[in-house]
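Naming follows writing order (A, B, C, D, E, F, G and H), and every chain is counted from residue 1.
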Amino acid sequence: MDLKEILISVKQGHLDIDTALSKLKTLPFEDIGYAKVDHHRSIRNGYPEVIYGEGKTDEQIAGIIEKMMEKGSNILATRIKKETYDYLKNIYPSIQYEELARIIKIENKKIEKVGKGKILVLTGGTCDIPVAEEAYHTAEFLGNDVEKIYDVGVAGIHRLFNNMDKIMSARVIIAVAGMEGALPSVVGGLVDVPVIAVPTSVGYGANFKGLSSLLTMLNSCASGISVVNIDNGFGAGYLASMINKL
Amino acid sequence: MDLKEILISVKQGHLDIDTALSKLKTLPFEDIGYAKVDHHRSIRNGYPEVIYGEGKTDEQIAGIIEKMMEKGSNILATRIKKETYDYLKNIYPSIQYEELARIIKIENKKIEKVGKGKILVLTGGTCDIPVAEEAYHTAEFLGNDVEKIYDVGVAGIHRLFNNMDKIMSARVIIAVAGMEGALPSVVGGLVDVPVIAVPTSVGYGANFKGLSSLLTMLNSCASGISVVNIDNGFGAGYLASMINKL
Amino acid sequence: MDLKEILISVKQGHLDIDTALSKLKTLPFEDIGYAKVDHHRSIRNGYPEVIYGEGKTDEQIAGIIEKMMEKGSNILATRIKKETYDYLKNIYPSIQYEELARIIKIENKKIEKVGKGKILVLTGGTCDIPVAEEAYHTAEFLGNDVEKIYDVGVAGIHRLFNNMDKIMSARVIIAVAGMEGALPSVVGGLVDVPVIAVPTSVGYGANFKGLSSLLTMLNSCASGISVVNIDNGFGAGYLASMINKL
Amino acid sequence: MDLKEILISVKQGHLDIDTALSKLKTLPFEDIGYAKVDHHRSIRNGYPEVIYGEGKTDEQIAGIIEKMMEKGSNILATRIKKETYDYLKNIYPSIQYEELARIIKIENKKIEKVGKGKILVLTGGTCDIPVAEEAYHTAEFLGNDVEKIYDVGVAGIHRLFNNMDKIMSARVIIAVAGMEGALPSVVGGLVDVPVIAVPTSVGYGANFKGLSSLLTMLNSCASGISVVNIDNGFGAGYLASMINKL
Amino acid sequence: MDLKEILISVKQGHLDIDTALSKLKTLPFEDIGYAKVDHHRSIRNGYPEVIYGEGKTDEQIAGIIEKMMEKGSNILATRIKKETYDYLKNIYPSIQYEELARIIKIENKKIEKVGKGKILVLTGGTCDIPVAEEAYHTAEFLGNDVEKIYDVGVAGIHRLFNNMDKIMSARVIIAVAGMEGALPSVVGGLVDVPVIAVPTSVGYGANFKGLSSLLTMLNSCASGISVVNIDNGFGAGYLASMINKL
Amino acid sequence: MDLKEILISVKQGHLDIDTALSKLKTLPFEDIGYAKVDHHRSIRNGYPEVIYGEGKTDEQIAGIIEKMMEKGSNILATRIKKETYDYLKNIYPSIQYEELARIIKIENKKIEKVGKGKILVLTGGTCDIPVAEEAYHTAEFLGNDVEKIYDVGVAGIHRLFNNMDKIMSARVIIAVAGMEGALPSVVGGLVDVPVIAVPTSVGYGANFKGLSSLLTMLNSCASGISVVNIDNGFGAGYLASMINKL
Amino acid sequence: MDLKEILISVKQGHLDIDTALSKLKTLPFEDIGYAKVDHHRSIRNGYPEVIYGEGKTDEQIAGIIEKMMEKGSNILATRIKKETYDYLKNIYPSIQYEELARIIKIENKKIEKVGKGKILVLTGGTCDIPVAEEAYHTAEFLGNDVEKIYDVGVAGIHRLFNNMDKIMSARVIIAVAGMEGALPSVVGGLVDVPVIAVPTSVGYGANFKGLSSLLTMLNSCASGISVVNIDNGFGAGYLASMINKL
Amino acid sequence: MDLKEILISVKQGHLDIDTALSKLKTLPFEDIGYAKVDHHRSIRNGYPEVIYGEGKTDEQIAGIIEKMMEKGSNILATRIKKETYDYLKNIYPSIQYEELARIIKIENKKIEKVGKGKILVLTGGTCDIPVAEEAYHTAEFLGNDVEKIYDVGVAGIHRLFNNMDKIMSARVIIAVAGMEGALPSVVGGLVDVPVIAVPTSVGYGANFKGLSSLLTMLNSCASGISVVNIDNGFGAGYLASMINKL
């Protein structure tokens, strides 16, 4: 019995006021009608469902996928090991695996281009590539044109300048960097579009598992930069996509 | 002698190739022609110039403003004490002061509305208001419709839900919070637009000058959230404006 | 128009279904009827209203008190400086000040004893007393019998044992300690009732503003201990009261 | 020769005063008679004995259980690996294993219901479940009605509101959360009963093995919340039980 | 009625067994007779009473001294400001002040030499002297021959070697150092006696208020070194004295 | 040619002044004659040689032992794995292994009792035993009477008091504790002898690999306590022995 | 078409001014002519190419080497496992492996001595040797005379003084140390040449993976010391070489 | 009686061997003859004496200067407040004050140019200037040509490139930066000379008093960079000078 039915029953006298009041109080929140509250993003048309694979067994992931398949929506799973992919491949032959990104994709319907411009993914070094790939494939799967330029860290800044045209033509930039994490600052000083900074846990010694690059990025002098969690390529790709839809 | 003049001189034979080459190499970078590089954002039309007031003397700030006034652009200065405002007011009577935000504004020309939607600034508590005000006035001065709802922290979550309509109609949201810093997570789970999280140094004990709320925000489970530096209201307002222009 | 009125109007035909639906959706959340949601604790009978004084001006606090006075409820304000009290005293002569606890109390109606047993507040040293007093007066104002034993730290453990009877007869214990913060562990090993541990920022050197005692308390081997924020006497007093009502 | 015998011997003249004095001084502390000191909680009737399994060999645990079996009391062991359970099963066939909770239970006598109300265990995400299960089974084994609602984190807050009735009817709430750890704050703002917050080490990047959620919880704006150590489900279950007996 | 009186009363039949048992259980712990428990160190003959002055008002300190004066014992107070000394001087003219050490001394009876050898206090730099002086005067007042050599840090190691004879003849060494804190390691490698390392909060930048020197000292490769809290000159002097009595 | 020979040669005219000067300058430091400098502790009679086994291969350790055997001194090696012992046993059948302590001992001559009193090793819990055993066997091998009482942590303080006589009769106490690390504070408040506090990395959650207990111990209110590095049982045993010789 | 060609074409009239301007703007940065920008260090004559091996697969490293071999330059790769060397040895038989340093070298042309003096590598302990070896072989391969003295830590300072002549004759010193990390301070106080301090992650307990030695070195009182990242032997060797060329 | 005199006395028979041996052992270390040990840097001709002014009283500084004046050497004092300079000016009229650098200089003899090339001091922002000035004046006073370019941080990288010629012509570079601290990385990637990185405590929020820029610099990907302590301009200037003399 949903909100409208309750009102109708009250109107028709099938339901007395006190029972109606009591029902309203225990009615699941989602039935009250705040559109965004009762309809979780991932169950809308066109948008993929997302599974965070870390710490889930192969069977659990397969189970979740099974339920999602019923709705016919596209599916994206992050932090998936190769072995898990091999396991799932037998069950869902249409599954695709991006090994570097550790991402699984099932395209049950054609991905609709919702991004209005180009998202550009940059990395400081080659070791940052797995995190960048997670961002890349997330953004792409969410319906964006994504371009990538890797290994353009600030310690060899001509590499960055060689790609100035691509940088200048992006609508959103994701800058992934470990070690000193200075890439977003330099890029942020060059462009007029939002830069999403992703610190990575790449590095050794006083890097302290990404703390160094995280702090660098938070303290950037350049305006227009914001930061996501260490190694959170998915978060950056998702946010970039959200901005690119605007 | 700028880039074009060099080329013309070469063409006309007034300049030999080697001298031209040498000139090109020593030519200030800004004359070479990468649009974004040689034209710093702040000197473009319509955009205000920004001064970071912390650690500058009254005289230094007055000096910088003087130079900026010559260009006729709008001027925004952050982290300005009341005494500094009083000092500057005597020199530039058109100056405006937002006391809570500690922001100075000089509007030499009418602010052009460049933002396409509404930016919403939320705070968890009343103590977060100064940082939120910095974000608010920054975004407004950069040409946006900005709305604010303060003191809607998660420990009294009905206050947040009372404002659901405003939250749902924003194009970009700035969520400012100290203490446990959970506001952006809850908001991020409700909306489909970018949420810029601003941790504040409000709190005591194990807050450790904002570290607690910073970590909370970086670790948010909600997608579409990114974080700026502790107490960095300006950065949030600037980024929100940049996104809202897209 | 509240929830019941809407239902009645629907029943009586004064309100059509769609308008009712729309009203329900925009009705302030507190009107929907989740008892705890729409009725904030502090506006209930008997319970004092609480103001967190830190970072508020004298005028702001006076303003908040003014509104609260209208409801006739009791008022508790924490983190109040002596000067603020002097200022408020002129406006509200019935105001009382606990100087050590930095707490202001206004008793508009007699405090009802809601606590079923005795709450005991212990401190490790004399420097922890201000935090303990905040806990003491909070719990007392919330309707509890509260007893206090100060300076019974573990480095002179006979002092603690001299008070064994009082310790054994408490229903809830608040153990406040800085420095090494070991008091809750020893007490927790002796009693069978909940121990609320409050680390204080008392100490020097490697105390790091209470971090040392906070970590000690979190790592306690004794069962039945939980921890509130550093110097958070109010939080401990409030929680102790909540438990003592059960 | 215990305390009473000494006194009797003195009275009967079999023991002179000085010898009696000397005996009293060297008498084991537990014989002096402070009820709570010489009788450790776990040896009382009805209460289970608890073993902390981490870092103990299978043989050691079996040895401890053997001694406990002699007393006929119920036995609870935490942090037990599956292999250890398999080993112990052969020796004590009546042993039960809660795999998610990693808890072993031996019920030598019927568990007596000592809790007066319901304890509710909540988690923010699915990854927090093992810690929550440790709390659940601990509280249940200690004689409480326990209910659990998992995966109701604040980033999808309608899930929490769908369970409002259960939340409102609990006498003590255990809120388990990793990542941003905001669940206890939201819950604490809704209810009037004690909330025990358990940070988990779930998360990545700037979670720093639970530090992020620990700090969030300590800094909660909601009153009535206290915190136990990271991943300390047992501690939360034990404390909840202690409160629920009051 | 103390322990002996109870026994006598029992023997004489003035007290029945059960009443005696009950009295024993509630008797203050200090009367039971564990020498070290019921007689706190500071109330023994010859030993000075110690007051930790930090955070106490002038009046409080005067009050504590007053009580101590009655017992006629020597009095030592640490962390005493010059103004406090001036205040106390008027009340107790026999008071002495060591300004650098911020220590007050009252010698009600002649200090007895209890130390068997020489205690040597070393500092790395001149800025460490106040902490060293606190150690020096504490050890001296506790009845030891104390010698001091200041500014012999490892960055000019010949200064240390110039004092080799004194270093070799000490029975206990206190090594006080800020900045890199390496002095105890070098000294510990030269001598065969206990070295008490005192980190100081002297330094700037990455010293982090003494953390740097604290960690250095804890990690010393030399054997025979132990560490007290940052800036804890008193603790080092006290421990050195305790060892020197052996 | 040592220092004396140079002087004799000069005296006899076999060596001219300048050559002698030059020789003196390049003479290995150990020949100059500062007793402590040129004679490293470990090569003296009666004292065992010590090897820190961590990070050394079996072959390296065997090689070091071989050299030491030639001098006929006793040998102690710490942090030795069982496999290493098995390997060494074949080469040096007289080798002994203390498995819990992970210590190897070779007794080439009878250990001389140099300690004047008893050293007592305490632990808070059973998990601290390996570190305590390292301290125990180190002190014993260095010629001391050592006694041990394990699992007497402050959360069940009667266990500690049951051993008061042993505690009171020790000349030096080593208190080993993980978790909250409060044992040294309580013990230090009871005795008049030096207490060496050893934090262990035992614990979980906010213990942060021993940081919690380290800070607790550094911040102890009790006098006469000093701290060695986390898990450094050897250092504690060595220092205790050094003090006990005095 | 490079910069010169553009100018020539303009001069000859084959290219109009606007097209030339446009070409200049998109011309890769390296063609503009800032010597240092467009010519990366590693592609110059005589200098080896450097590969950072960590996190690269055997195939990736082989691929990079293949490209480098074509240029005929010398090749240095750091952080290379033994297995990787075995793999590469089959492909490039001229490859050399320094096992302790985990460095691979290919000498396609004779190394030219570019260093003007001697570089000296010191370590505090034997565990620091792998890091020191990385520095040693890096500096040697870059064309320097390098000498090494290991295990001369400050806890046995005579070992250091025994090598005073070598220390005094170095032009640049690399001091590698873990644990307390005091070696650079002592050495820096003795010499008049630059000292490059390398903290290592050697140690246990409160060493915190090198943080302790890092902070020690940063806080050194001696002048002329600077610090590289924890365990960064390569960085130290490279910088020493750069200085030694001056 | 110095080393040579002892030898002569022995030769002449005025001193017997044993007395000579004893004298040698107690002879101040500096007389033994290790050139660098017995002659501290600062007492050599030409080199200025350096005073670290922090934490010294005006009188102490005046006293130290008085002694130094007697030797006629040049004097440099750092961390000197304006008031101290005013005080000293009256005593030593030849004293010079660099206000921004907070440095005092007394030039008793002409500064000799010992630097072989140019030292360049860069800053990221204007707030870093005081630290940079300390480096600048230190290096200049030590006999170097020093040039400075301020406010060329990476967030506006064209400013850096506009000064490429100066950057390319330096022999040693000091790069001073707060906030994200990325300047040394970018510069280090452009040049072939040593870069000394100086983190400053400039910034707010997650800068944590320079920790952010310190970590950034330690983690730099560029080779040839080393780091000094936060705000340690003097250390950078001194080291740069030491390198520039080579």
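Miscellaneous remarks
The definition used in the following text is that a contact is a pair of C-beta atoms (placed from the backbone, for glycine too) under 8 Å apart; a residue touches a chain by one contact, two chains touch by 3 or more.
Bear in mind that the values here come from a model prediction, so they are computed numbers and not experimental data.
Annotation: A-H is the more contact-rich of the chain pairs A-H and B-H, by number of C-beta pairs in contact.
Chain centres here are means of the Cα atoms, and by that rule the chain farthest away from chain H is D. By residue number, the contact pairs of B-D overlap by more than half with those of exactly one pair in E-F, E-G or D-F, and this pair is E-G.
Chain A and chain B have CA centres that are 25 Å apart.
As a whole-number value, the distance joining the C-alpha centres of chain C and chain E reads 38 Å. Centre-to-centre separation of chain B and chain E, using mean CA positions: 54 Å. Chain contacts: chain A has residues 34, 37, 156-157, 164, 190, 205-207, 211, 214, 218-219, 229-230 touching two or more partner chains. Contacts from chain D toward chain C in the complex involve residues 34-37, 41, 50, 116-117, 161, 164, 168, 171, 190-194, 196, 214, 218-219, 223-230, 234-236, 238-239, 242-244, 246.
Contact residues on chain D toward chain E in their complex (touch as defined above): 3-4, 7-8, 10-11, 13, 17, 20-21, 24-25, 32-34. Of all residues in chain D, only 124-125, 153-157, 179-182, 185-186, 188-190, 203, 205-208, 211-213, 215-222 touch chain B in the complex they form. Listed in rising order, the residues of chain H touching chain B in the complex are 126-127, 156-158, 161-162, 164-165, 202, 204-207.
On chain G, the positions that touch chain A within their shared complex are 26, 28-30, 37-38, 40, 54-56, 199, 201, 210-211, 214, 229-232.
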